[in-house]
Structure formats: structure tokens, C-alpha cells
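The data blocks that follow each hold one structure.
Each of the next two complexes has subunit A plus one other chain: subunit B in the first, subunit C in the second.
So, the complex of A and B:
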């Protein structure tokens, strides 16, 4: 078999040499993300946007979202060929694909690697997504190609947590053990592209994984550059130095970039929900009337117009649109400045109130926050900004220093992840189990927990809807609008699939992607 | 019986005022600079009367517009009027620039005069400290201070003051050493005047000429540092406009709406240019080699 393959390759080489007498250049695709550097290239550790797209090219999960899609209906086999589940939904048995090779000389992927990876992802010391796996009772290798997962209770989507996303990514057990901490700078997976080189603050280079189980990639290499300044990315893209760039999520940018005619701009799911989280335990927002005033003072239409309707859409529910469990029919407090002033006066602030808050300098949050600042000042809520570098801000808001936190996030598209991470009492910031509950709200705990293991989908939806309505009524947060993903692509790039959504928040380059001359 | 005149020689006290007059007569370019600076100062002071719009009022529908009758210099990405923001931004930038220069001038001269007059170990300690500050590139010192203390009006003023203070100390020290040997100082000392009095009444006025020249040049530099700091995000917090933050705000749209950054940049240029012209003229007027 191997022999046949190599002769075919030789024959192909010979014919291409005949038809293309010029030296064929190595096909290398270059793309740039809006970041200063790579985070940590360990899929179980980093949840940073700029790393997700790399993970999607280097790793596989047991199942995957079909390229270009992030709908749960589009989940298809990846490292697992097939799976079956017990009647109560608590025991899942996966049959693995045979002959899948890890990058380099790390050999064949077997059940042992899957067991190792899922246990690693569930271990809070080695993983930042361990809470997704809290219902995992055991993961066992039945034989080399069979893995059995036993759950202690039902979870909203088991396939979701074993898909090619964060903790579901399968790492090489041998590589992870041998490399230890260094795994984050030398990741080893089974994906179409292998990790090649990391230049801190400049780029990460991936090379084709010839032994990829879906076939060798058409491209030879991918360079992902880190360029945080939009205009710098634009210039490099216009001069042809880059094939793909992460765009600015603004109508204006999309229009300017596509105006030449040749360039394609992909606007795709998921919408990252921008939510203003309100600390319900800190003055002056511990008074519900002030929180209601805040909600009445915000003009969503203007915020959407700020980004533009091609890239932004409104959302009043705490769970993003398109997630399983999202409730679109929410009873919310509408934009009403007079009512806001009344409520403020009732709460004892007839002359307005000044609130110091922390905000990142990153434009995608800083811009909308300045619009909000101007809107709130019209009813007498004056925000005093402390502008911070992005990672310092991330640390500060987790230290509970800011009574208002404007946060944008996309998570695994099931209501439970969003509700648990942002609104369950276990997730309250500045506690040992903290995630990102900035509001200190715990009033929907009961519904959130009950929905997790509710076997009846209709009842589950009811619980999720109830939770969302409670959070909006109590103004734990003010969901504002969603920003879609925006990337520009040079005409010579053919992704090989229709890009409608990407959980990796960027266009994933697959073995099918080609570059024409 | 001989009387000792302890008032400093007339020619030296009058030199500054006389220089200004001479400057206006002889140096047209500097006069132009002075007029320009006064106009800018007036525009900043009377900003609330001149500005056609509220500098903080956002109008999302009209964002990133070019010049028009309604918006003389266009609008920024929040639909705020650039012209009004420049006028208000000038206030903040000038206030920061001039306050920090004045502070640096007073403190720097005091340190320089003390070092020069006292000499010995005091001189060594003060001047080595100044050398240490000078050893850092000016922007780095400012950046360090603002980054550590946090970006607000007072800290920015402090940062710029510390950055340019050593230059004043150096300029004040050298002539003090020469002046303290002069008869009028010795006479004052013989009369039993305190060192503080001698330094402040007899020495300080005599070095003012050079210091003022320096101040006008360093004020321009201080305004530029403020713009630098704001540009890299260490400026006064929004929505308060300063020239540097305005340039920064427009930078993301530099390719498709360059005017958002260019006009405030041009304002910085005008302020710095006018101050430099004034400074150059003053120096020419005071420099004995170029007199008459």
C-alpha cells in the first residue's frame, strides 16, 4: 500500500514536472489575526481567540463540526468512526478510526491517547475547561480502538464536549507527557497541519501533515501572523503579503475592503454576544432601580448602528442567538431616558451618579463602551474610565474591580455553557471556582442546574427560557448586540468548503484548501 | 566710606523685556510665531464660545465624515465634531504642556541654583541625580511614570515635569557658578543676607533670560510628549479630548478616513511650530553674539 502511494506520488511529481517546466513554488498560505502574540498553543489550556484557529488545524476531536459550520446538526465523525449510547444516555461507546497518525514520530493514535486527553481536559490543574467535564465519571479504553465514557448525570450535549473544540481536542499522550510544560510551545495532534515554528510576537508556522488520515493537504504550509493593528493588516493584505486577514467588525470596513471587487469578505457565525454585566452587589447597582435605569438608558439601535447591520445584530437574551436554548422572546426594559431619570431619582440620585469602571483599550470593546458612556451620561450616569491594556483588564475584572463589565464571548453553542459560566453562583469572580460571573447573580442557579440533566427537551428549553427571563428582569446583565466574525480572503484562496460558521472564530484551513496562482 | 550697591546691574534685569522688544523689531518670523501662539491660546481659552458643537456629543449617523458646512473639520468614529474637539483638546494639551513646563522650570531652576551656589557634596548629589534622569531617553521616563502611577491629568503632568526638569537644572547651574563670584553677590553676602535671599533675589532674575528661552522650546516638547503618551494609550481617559488621543482615535481608520487623525496632528504641528519660532527668536535676541 505504502509502495503504491509513493509510486503514485512519484508519477504525479513527474507529470507535474512535465506540465509545469518552471520551478513549482511551495504553496504557503499566510494569514494574520488581530493579536499581539500567540497565547498558549495547548488546546486544553488556552481559550484565547487567536489560538482557537490554530487548534482547529492541528488537532482533531472524536467528532467534529463539519468545516464551515457550527450547527449541532452538522456534527460528523472525526477520529471516531461511529458511536453508540446506552438508553439512559449515560454510557457512550466510541469506535475509533484505525491508522490515524500523530504528527512527527509520535505514531498511531489509539484509545489510550483519547483516554489521556479527555482526562487531561477534565483535570482542573492541567485544563481551563475542566468544568465542561464535571459529569464525566470515567473514560476507559475497552481495546485499542474503542473508548467508553460513563457519565454520572446527563449533560446537554456530550458530542459537544468531545468535538474538535477546546477540551475535545485529542493530544498525543506520549508527546504531552514527554514535553510537559513545553507542550504549549510544541503541540502534537493528528490534524492536517503540524506545528512547525513559533516566533513569539510574530508568527506561528504550520507545515502539512503528509500522513493526515483524510489525505495529505494541498498546501505545504500555513503562516499565521500576529498583527494587532488593523491598518497594518490592511496594508499587508493590500500589497499581497497576506492571503487572509481578520477584519474589523464594522460595515464600513467590509464595504471598503470589498469595493475593489475581487476580495471576498466572509461574515460568519458565531455572533459574539456583547453583554454589559452589572455587579449587583456593588454600589450603586445593588439597588435594582439603578440597574433598571441603566437598562432604560441604553440605546441598542445606536450600538448596532455603530458597528453596522451587516456585522452586528441586536439580542436581548443573555444567551446568544443560534445557541441551543436561546430564548428570542424576552420581556426586556426598552430604551426610555425619562423612565431612567425617574428611577435614578427614586433611588436617591436625582443629580446623577458617577461610577469608576475599568475598560480594555481593545477597540472592539472600547468603541462600544464609549458609545455607552455617552448614552448613560445623558440620563446622569457618568462613567469614569480607567483604560487598561487588554490582559491587565482581564485580570482586573476577575478581581472584581469594575462594577460594570462589557464582555464579549462566544462559547460552545448550548445555553448551558453560557449560563453556567456567566450566571451560576459557582462562577462568581473572586471565588475559588470563579469563571466569569461578573454580576454576582445566583438567582437562576436552580433552573441552570435542573436544565443540565433534564431528559425532556421541551422541559429543558422551558428551564433555560425561565433562567434567561429572570436574569433580564433582575438586570444581572444587559445583553446588547452580537458581532459576527469578519475575515477577508484573497481571490486565489479556495477554502474547499462553504464558510457559514466557525467555532474557531476564524476560517479553518483544511486539507482541501487550495491556492491558485 | 564706600557704599556698596547690592542691586544687580541694570542691564541684566532689563535684558528679558528688552529682548522681547528687540525680537519683535528684528525678527519677523518670531513675531509671526508669537502671534500664532497667542491666537491658539485665545482659541483654547474661548473654546466654549467658538466651538460649533458639544465636543462630547456623539452622533453615530454622521460618523467619519469629511469636511462640511456643519462639521468644519469632519467627524470622528463616534460622530463627534473634530473642530470642536480640537479646540477643547488644545485646552487640555496646552494646560498639561504649560503646567508641566512651568513646574519643571521652577523646580529645575531651584535645584540648579542650589547646586551651583552651594557647590560641594550638595552639587554632586543634585547633579548626579539629574544625570541619572537624563540617562534615560526622555520618552521612556515619562512612559514609566505614567505606566506605574496610572494615566490621569496629575500623573501626566508629573511625568512630563520629571522628564524635562534636569534640562532646567543644568541650564540654571552653570551661570549660577559664574554669578556667585560677582561683586554684587559678594556684597549681599557681606551684608549678611541669607543664602535663600541671595539665590532667589540676586541670582535667579539674572539667569531668567536663558531659562525663558529654554522654557519656550521645552513647552513645545512637553506638548509633544503629551501627544506621544496619549497616542500610545497613556493619556487622559476618554471622553476628554486631547490632541494625542484624537490622533490615536482616528488611527484605525487612517487608510479610509485619514482626516480624523490629520487635523489634530496638524494642530499639534501648529502649536509646536509657534513655540519653536518664539523660542528661536528669543534666543537670537538674548545671545550676545547676535546682539545689535
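So, the complex of A and C:
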């Protein structure tokens, strides 16, 4: 007994002699994203949300969305100092900044690196976003600091595809060639922070790039931790082990986190549009009356209330709010249960219909789908869930196994991207050119293609509006609501800019970000 | 003994081969697409196809299996489909964390469980015995994750003694031990119940033996009687329990590693599974199976060490 007592006492003494190490290195910022690990840290390869956060700090584009904004109006020079375009908009000439240094000993960034990067981004064997560059006819280095891009046809936003997003990120040609596939674990860019270390399943560490062309960063290092459990992130944030965490997109979480008074919760763009895609070729939804019944049976207000009005907002258009080309004045089918029942009866389902569907176990989609299930059951549309692990669900819906697909996405903020990926016939799932057209709709193809190269902005907007109205009228999908991004920030963190939006779906740490004592 | 060990290790080859084949087939027939999981849901179909081609995922399963076996016989577990790093390297990085967690848990399990078991046996049917038995029953019924969360709330949030994120950062020995204590304690508490119960019953058996009565009659002091005469003989069932539940520990380590944000085999298994990183997952299964085999072997060797009557043939 004495032995036990003394052992326990010694253990307690030993542990109580320790103190919890709070973040003492004031200039090292630690943040946590809701993910299990970093993936391939090559901006031309990975389109995963958790990797975009890293890209935004390690790379630059020819132009950039000003920090804290994702509005096309806020595009500003980045690696390019200036640019000019031909009258027909098909030839773009960029003048590069001189003296921009890559991380490590990879030297100065020149036109060769830009040519290499954009050609790499356009090559489907080396890039996941090659289709964004299909109109690129050539990219040439006129001299060391001048790059000329020639297009085969007009595209909605040339500056968009050369901005600091996915394929627009400029990599070091020498590093990419020398490292080959290992570039994905040793990325080399020109951004304010250089890649330091990747611990799979744990963290990515970035270190300050002292030679950054906008000036050396105020912070010495950033550690991005991957913690998928919300409660684990919350607890570590409470104890001061983390400065910033990705939050839950729920009013309740925002209220709980801010209740102490000192914590800042940033709720920012883009809104990920939650849309119920309806397979128009599968029974019973091949009958437009059933699709209309579906649209009449859904109560958006209830869905928004489910998430909370701080983090969610309604949207009836197939293109998210804030994107160039979004049409806010859509004539949509209102919530009307009686009309839904009538339409269902007309379509030959007076006693209702049962539809098996696949749904992910991930709460951000499963929760709203349960609300939808309850709403639809009130008019006689009974959904039978096959709940799947998230990754398996992604594969299954691309195999066309589910006639209804609730999907959430944020894309490059131009209508063309969203309309092409979700509603153009080339993108129909289970085809060789598939992207995410789950509805099999092709009726807006003409407008989508015409708008892409339409030089007149007003006419372009008309075409996009027409496409969106057609998709809603034919009930190819039912746009429901948008969920904004939510991050919590400790009071000592000053981002150095106003965070209103971020295409990387997380706060970007810049050379101006500081940590106060 | 060397011959025995070699024989035992050789006999595990068919087992490992079987496990490997089952895992290879199971993860490939499970729904999900590695290309999509790794490149992201916004990747174009062309990119997804190029990735599958590069990774050999478009080949028939038998061809993939043959390629895998060829690699294995040449001593390679392949490279991770996500990071491109050799699987042995990835496993080598996290394996020490899991081993120290498992041994840390056994340490806590033994230093708490054995004394409690002895006390219970010595005060058989006394209030202390009933109390410890109820506590051990509670321990058995408590899910590992709940214990972990309660420990975090108590020792990390309330008292701020230990970190919530138990990942060593400095690489120093003390930092490593400091970050190990809470997860190891949490996992070790599961062992306490098992060890305590087996220690109690083993002690009761031994204390009823004639030689103990003889030792008592000879006037051996109480402490010597317990520690020297009784406990040594009671150790065999305890060693068995520790060996048997090592597998359980590795299983529960998955949850512990996730809750405490510790690197380790369990966390890597879950990660590889979610990312459909087939090569890493296969490597992990080989290593996990090998670990169980080795622990069973070590358990047998321990029998011989604690009980000279046991001969390994």
C-alpha cells in the first residue's frame, strides 16, 4: 500500500511540476484546418480544400485577389507589374516584376518559369485543372520579363486563370523538373512563406521567405495542423495551443466561440452553394412534374434556419451569389406542399413515391439532407438513405448511383466555371469527359458556350441569366442555400487586412500578419 | 531458444501472406476512388484518368497484385500514392510513437493494475476488494474515447498540466515523455481493469498454495511472502493478459491517437483508408500483423523467463 501511495505521489509531483507550454514563440503562428492531412502540395495537381490554404501562402500568380477579397474587381498585380491586351482580347502581354526570388536557392523568377508553369497547368498529365486552360494556344517568353499568352478563343476571365488560384500559381521550373513527383512534398514558389516540413497526418510547417518581394514577413513561421475533430480543435484553441481554427458552419458554434468576448470569429466568402441535383434521366425524375413537385416541397427557410442565418443565406440561382454572372432575379418554384401533391398525382404517383438515394455521412451534407427528407415525406416523396463514407460517396455519385445528389461547392467566382462543371453536357457524370453534372441536363449548353467567348459583357450576362433560368425552370437542380466559411482567431492575431473573402477557403497569412504578445 | 524463435517467425509467413492478400483484395473492392480522394473533387476526368494510369489502378487486379508481390519480395512496400514517399519511411516515422504509446499504456496498466489486484486479493471480500472490483468493472465498461476526453477536460483544460495536442515538437526526450503521459495514461486505464482482475485471481490462487502456507509457517515476513514468493508465480497470467491485450491496445490506440492528435500507426491507418492510399495501407497491415506476431512470441519468451518450468521447444 505504501508503495502504491509513494508511486502515485511521485507521478503527481512529476506531472504537476510541469506547466502547459503555451505558445511562447510569439512569431510562430499555429492554425488548424478541419482535415486529416495535407495531400499533394502541388498547386497544379491538388484541388483539395485543405491544400489550397498552403498554396495561398507559398505561391503567387501573375495577378492576385487582394488579401481578404475574392472579388474580381479586387484583382491586382502580383508577379506581373502590368499587362495589356489586344483589341480582340486574344493576346495578353504581361510585364513581370524584376528581382522576385524563389524560395531556397532556386534563384530569380523569370518569364521561363511563367511559361513553364502555365504550360504545366494546361497539361492534363501534370495538372488537374487543365480544362481551365483549353483556350490557351501558346504561352511565350518574349524576353526574361515579358510573357505573351495567345488564346484560340475568348474566355470569361483571363486574369482569373492567371491569378493565385490552382493553375495560375507560378512554380519554379527548375525545382519542378529537378524534383519531379517529389515536388508535391517539396513545393517551391515565390510566396511570403516557404515550405519547411510535412508530417503526414499531423502538420505542415512553413517558414518566412526573407527575400519575399513585398518585404520579409513579420512572422517567423506558420504551422498548419490537420485536426479533423471539431472538439479537438476547439479544446486546443481554448488552451492557447492554436491561434486560429477552422470552425463549424453553424450559428450555435459561432455563438459559443464568441461568448467569451475576446475571440474573433470571421465569417467570410465564398458561400459554398448547397444544391440538390436531380437526375433528369432517371425514374421518377425523368418526369418534369415529379421534379416540379420536388421543388415545391422544399422549404428553403427551414433549411437556412437549420444552419443559422449568420453562416447561411438563401440562393435560388444555380450560380452562387457574388460570382460574376450570378442572376439574383430568378423565377423559381415556391414552397407549396399542396401543389407538390397535385403534381405528384398528375405524374401517376397519387400515393407517393419511394426513392433510394446515396448520401455521405459528413454532417455538413447529411444534416441538411435529413431536413429535406422530412420535408419531402410530407408530400409523399420518401427518400431511402444509403449512408456512405465520404470518399466512397464521392465515387458513387460519379458512377450515377443516386438520382438525387446534395452537393456543396465553391469554385472560381465566374458563372462559366460553375455552369460548365455542373450543367454542361460535357461534364455529365459517368462519361469520358465527366466533371460534376449529376443532373444530365444539357439544355443550357448553347448559352454556356456562347457566353464563354462573348465579348460584350451585357450580352454575356444575359446569356448566363438565360442559362440559369432555364436550369431552374426545368428543375435540373434545386439551389438551396449557401454556407459561408467560418474561422476563429485569437485576439493576438492581426491578419493585416480585412477578411471578407478568400478563394483558398481559409484566412491567408501574409507578410503583414502579426502576433502581439 | 533461438531455434524456437526462428521456427515461430517462419511459421508466421503464411499468416502474413494470407493477411496481405485479404487486405489487398478488400481495399480494392471497397467503394471509393483513390484518384478522386487524392486530387480532390474538382479535378478533371482527364487528370483522374492520368493519375489512375500512373498508379497502375487501371490494370487488372491480378496484375496489380503481382506487381505488389514483386515489390515485396525485393524488400519494398512501395511508395505512398499521396506523398510519393516510401511506405517504409512513412511507417518508420510513426511506428516509434505507437510503440511508446503501447508500452506507456502497459506501464500505467501494470503499475496501477498489479498493486490494486494484490490489495484486492489480500483483503479478499473486504470493502477495499469490493470497491476495486466495482471500479474495475466501471473501467471495463468505459469506452476508451470517453476516458480520453475526460482526462483532457480535467488535466488539459481545467488544470492545464498537459497539452491537448500531444505531438512532441522539439524532439527531445523530456518533450517526448511529457507528450506521452496523458495518452498513455488514457490507454493504460483500459488495461488496469484487465490486469487488476487477473492479478487478483492469480494472487488468490497462489496464496492458497501449500508452499505459501509453508513459507508462512516458517515465519517469512508478509512483504517478502507477497513480493517474493506469491507475486512471481502470479505473474504468468498477468503476462498472458498483457500479451493478449496488446492487440486490443493497438486497436484502441487508433482512437487515442486521433483524440490526442498524436502521430502513430492507428492514425496513419485511418488516414490511408480515407485517402484510399492503397500502398500505405497494405504496408501498415503487414507491419501491424507482424507486431501482433512478435508480441505473441515475446509473451511466450516471457513465460520462460518468469517461470523456469516452462521450456520453449
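The rule is short, and it goes like this: the second predicted complex is superposed on the first by the 491 of 517 C-alpha atoms of A that agree within 3 Å, B and C clash if a C-alpha of one lies under 4 Å from a C-alpha of the other, contacts with A are read in each partner's own complex, and residues count from 1 in each chain.
The definition used in the following text is that a contact is a pair of C-beta atoms (placed from the backbone, for glycine too) under 8 Å apart; a residue touches a chain by one contact, two chains touch by 3 or more.
These numbers come from a predicted model, not from an experiment.
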For this session: Go through the superposed model and pick first if A:392 touches only subunit B, second if only subunit C, both, or neither.
Result: second
Exercise. Of subunit B and subunit C, which one touches more residues of subunit A?
Worked result: C
Exercise. Regarding the shared-chain residue A:432, is it in contact with subunit B (first), subunit C (second), both, or neither?
Worked result: second
For this session: For A:124, select first, second, both or neither according to whether it touches subunit B, subunit C, the two together, or no partner.
Result: second
Exercise. Thinking of the overlay built on chain A, is A:37 touched by subunit B (first), by subunit C (second), by both, or by neither?
Worked result: second
For this session: Considering only touches as defined above, state whether A:235 meets subunit B (first), subunit C (second), both or neither.
Result: both
For this session: Could you say whether A:367 touches subunit B, subunit C, both of them, or neither, answering first, second, both or neither?
Result: first
Problem set entry | Common ground on subunit A, meaning residues reached by subunit C in one complex and by subunit B in the other | 229, 231, 235, 389
Exercise. Hey, which residues of subunit A end up touching subunit B in the complex?
Worked result: 229-231, 234-235, 248, 252, 256, 302, 305-306, 361, 363, 367, 370-371, 373-374, 377, 384-387, 389
Seminar exercise, completed: subunit A contacts subunit C in the complex at 1, 3-4, 7, 15-16, 18-21, 36-37, 39-40, 45-49, 51, 124-125, 127-131, 181-182, 184-185, 198-203, 225, 227-229, 231-232, 235-236, 238-239, 241-242, 388-392, 394-396, 398, 409, 411, 421, 431-436
Exercise. In their shared complex, at which residues does subunit B touch subunit A?
Worked result: 56-58, 60-61, 63-64, 77-78, 150-151, 233, 237-239, 251-256
Exercise. Which bits of subunit C are touching subunit A when the two form their complex?
Worked result: 30-33, 36-48, 50, 80, 82-85, 90, 93-94, 111, 115-116, 119, 149, 152-153, 155-157, 160-165, 167, 178, 181, 258-259, 261, 263, 267-268, 270-271, 274-276
